[in-house]
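The structure under discussion is supplied below as structure tokens; questions concerning it will follow.
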Amino acid sequence: MIDKTVPDVASAVAGIADGATVMVGGFGRAGQPVELIDALIDVGARELTIVSNNAGGGDVGLARLIAEGRVRKVVCSFPRQSDSWHFDTAYREARLELELVPQGNLAERIRAAGAGIGAFYSPTAVGTPLAEGREQRVIDGRTYLLEYPIHADVALISGLAADRLGNVVYRRTARNFGPIMATAARTTVVQVDEIVEVGALDPEAVVTPGIFVNRVVAVGERPWLRDSEFVGGVDLAGAPLAGAGASAGGAS
Amino acid sequence: MIDKTVPDVASAVAGIADGATVMVGGFGRAGQPVELIDALIDVGARELTIVSNNAGGGDVGLARLIAEGRVRKVVCSFPRQSDSWHFDTAYREARLELELVPQGNLAERIRAAGAGIGAFYSPTAVGTPLAEGREQRVIDGRTYLLEYPIHADVALISGLAADRLGNVVYRRTARNFGPIMATAARTTVVQVDEIVEVGALDPEAVVTPGIFVNRVVAVGERPWLRDSEFVGGVDLAGAPLAGAGASAGGAS
Amino acid sequence: MSDQQTATAPRASDDRHAQPDRLDRTALAKRVAADISNGAYVNLGIGAPTLVADHLPPSSEVILHTENGMLGMDPAPAEGEVDPDLINAGKQPVTELPGAAYFHHADSFAMMRGGHLDLCILGAFQVSESGDLANWSTGAPDAIPAVGGAMDLAIGAKDVYVMTDLLTKTGESKLVASCTYPLTGVGCVTRVYTDRAVFDVVGGRFRVRELFGSTTLDELRELTGLELEMFDGA
Amino acid sequence: MSDQQTATAPRASDDRHAQPDRLDRTALAKRVAADISNGAYVNLGIGAPTLVADHLPPSSEVILHTENGMLGMDPAPAEGEVDPDLINAGKQPVTELPGAAYFHHADSFAMMRGGHLDLCILGAFQVSESGDLANWSTGAPDAIPAVGGAMDLAIGAKDVYVMTDLLTKTGESKLVASCTYPLTGVGCVTRVYTDRAVFDVVGGRFRVRELFGSTTLDELRELTGLELEMFDGA
């Protein structure tokens, strides 16, 4: 029998070594695998290269990983946010390297790695400073830049639900980079709210088939979901809003 | 209000001109838009370039289009089938041209067209006769061939259900080339069993978002489906099996 | 669509918050929204362009794309109904319309770069006469660079509209002969909506499509230092 | 897995339809199936390899991929339950296991060419000592060419096993020093299961992994005309 579930986040991230390239899903807070990142911090791996759209915000997840000094390089499209103080400080103090990649090239380069594409010609960034050092080619009258795949040792992803075969479904815009990162890493680790029985996911609606997934861990229901229904009263960080009621307040 | 539905297959294929490049979905019979092809035959367009995985079988659909002498060129991976007599004859009599493309390159070239990729390096067909005339490049120690996108004027696709916005879902392995062809054509036409209300399709499970679709036409329930349940008693061509019962026999 | 323009412009300049010679941001968002066709697939960039979503005419159905993986986005939720899994490219909470669809980032940018969006509306630091756009970096040596999806949007949509004040806070024209800031995209902008006027990029020149309030062509020439003509409709 | 091999080989050669010196097709399919690990993602090529699906050991869970867009395929349906929307790459009716997933052709071949399949099993016209595969065309000038997904499979899976008779109908060896038929893939085959023996491709030579029935190494040398040694387990 195939069983990709692991009992806890520590087992899920076990073996991530110093110097590893780690893809981290999420767009802002949506789809960011905060629990896996916390576990990665506990593992203690250093000199990591992080591939992610953002470089973290606030004091949790990716931001905390950077604050703890574990990151050597960030490959991302948009590190600067109103609350990206940990990245900002590390960058200004030259404690980490930044490879800035336009978001579409980032996504397509990750997909290319998963799809076995050697390189591709992208129309994005032609004539801009981010074209520097890139091979240029005119095809059918239009100029393109040659872009190479981005592979990773590990991908850390957050989904809504998965089965023991590693089939994953996501929720709304928290899907974002998860499905492509799952294809581009040697080891793909997915945290989900819930592990469901094999057969519970609609085969027409599986977004990440189990072939791309190595480990699945359940981290429990998020505060804003209950009985498959959205329950309001939280802000974008998932913290209860002022006046959202005593029970929500009690969870913070 | 957006309404991409059209009342009949004749309206769905209206305007397809002589010399057009037409993508035709399907893998064998599964997902082949037979009703749209029949309507295309009625339109009378000639000198067509057909992009499809196969070149038709039996005497219906794509095979009939070829039999009627409407096709100048076929771009496909697998024209030869036990029942591809119409293609075979036309090919041997040099009445049409064949561009043979490995199936994965065919799929990826169609996707590239839809995704705005100028060209890509594929690992497939290196060192084979199908590499002839293709640019070769070694990337990270592996040899790749440069492959260009395949664009079309029109894509004819078969789905299970769609809404007036053009959101489409497919059924099982009839999905195959539909979703990528929908992205690669100037005009995408989808035949479905049923048109459903906006909101009836699960946004997490929409496979082809309406942005890729121009026209949708309902062609009615196929004989092997009823009340969303599969009803057996048909062979691969959708014809009732011998002994499948009087009612099924009556439908042939 | 030209009916809508005529109808909207006076309404916008009557706005009680507007200066006599220019539109305020809300009025400008309304003005841009009025030009969006029924059935258009539109991406609204981070910042001011996001406001356009709140002013789409009820008579038309416009499908909003957000590059973080959604079509059929609706503006902000009611208080207490924020769903952290449902955000736009600016990471603000949004809602879902019936007929929406979700997809992953590679599919979302394939949609954009494959030329399937009818329109995107972006902010700008500078737009040049040839339609070059600079909107991601001022090139300041100590700035932390961040580009997001701006470069993909700039080259992807069929039309790229810019929505911006004509002048910077220090009074320099954002419409320029050629950009001095790092580029986002080359020759990609087709129209610019500013607080003073609407400009089309035509044959390497800005053509004034519409003047707001008391603004005159000569004023615009002076403010921008560019050779400007009225758009002749060709 | 070596336990399974030992257990299966004698059983296979006891098959009442087998020749004393070789396995019949069913026995060979069983033999191949016994080597597939629990949890493996496997693509079975058109023709003889398809038979392997019917002989997977019940003790292991193997996920079958079909390049027309499915993982979790199960063998042929019961009579009268044919679903024309549910077919394999050979366009034969199949069924769906719990935990299956459907996807489009570009995703399916991305899966394959991205190296995610553990194994594919293909038929062959010829396999060379360096692992070159020829299985799509005999190069006959009047033949209608058709390649399908063979070239993608050949270069995509982590392991490529070939399943074939050792000899053609006219008695020529399908194992050759170098292929004379048009190639499908270069250096891609890692193992060959024939009716006479199992061969590994190691360092530009075939190494005999296992002999079936009364077949001897010397017979294989004579039949193939190749320098063959037993696989030393290294």
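A, B, C and D label the chains in the order they appear, each numbered from 1.
The rule is simple: a contact is a pair of C-beta atoms (placed from the backbone, for glycine too) under 8 Å apart; a residue touches a chain by one contact, two chains touch by 3 or more.
Per UniProt, the chains are A, B = 3-oxoadipate CoA-transferase alpha subunit; C, D = 3-oxoadipate CoA-transferase beta subunit.
None of the values given here were measured: they were computed from a predicted structure.
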Min route length, chain touch network, chain C to chain D, equals 2
Per the C-alpha centroid definition, the whole-Å distance linking chain A and chain B comes out as 34
CA centroids of chain A and chain C: separation to the nearest Å works out as 29
In chain B, the residues touching two or more other chains are 108, 111, 115-117, 122-123, 170-172, 203-204, 207
Multi-chain contacts in chain D, i.e. residues touching at least two other chains, fall at 96, 102-103, 109-110, 112-113, 156
Among line, ring, star, complete and other, the chain contact graph is other
Touching pairs of chains in this structure are A-B, A-C, A-D, B-C, B-D
Given the complex, residues on chain B that touch chain D span 27-31, 53, 77-81, 87-88, 91-92, 98, 100-108, 110-111, 122-130, 170-180, 207, 222, 224, 230, 232-238, 241, 244
Residue set of chain D touching chain A in the complex reads 38-39, 41, 61, 63, 65, 71-72, 96, 98-103, 109-117, 156
Interface with chain B, chain D side, in the complex: residues 66-70, 77, 79-88, 91-93, 96, 102-106, 108-110, 112-113, 132, 137, 142, 144-152, 155-156, 182-186
Interface with chain B, chain A side, in the complex: residues 108, 112, 115-123, 137, 139-140, 142, 144, 148, 169-172, 202, 204-205, 207
Chain A residues touching chain D in their complex are 1-2, 111, 113-117, 163, 165, 167, 183, 198-199, 201, 203-204, 206, 209-212
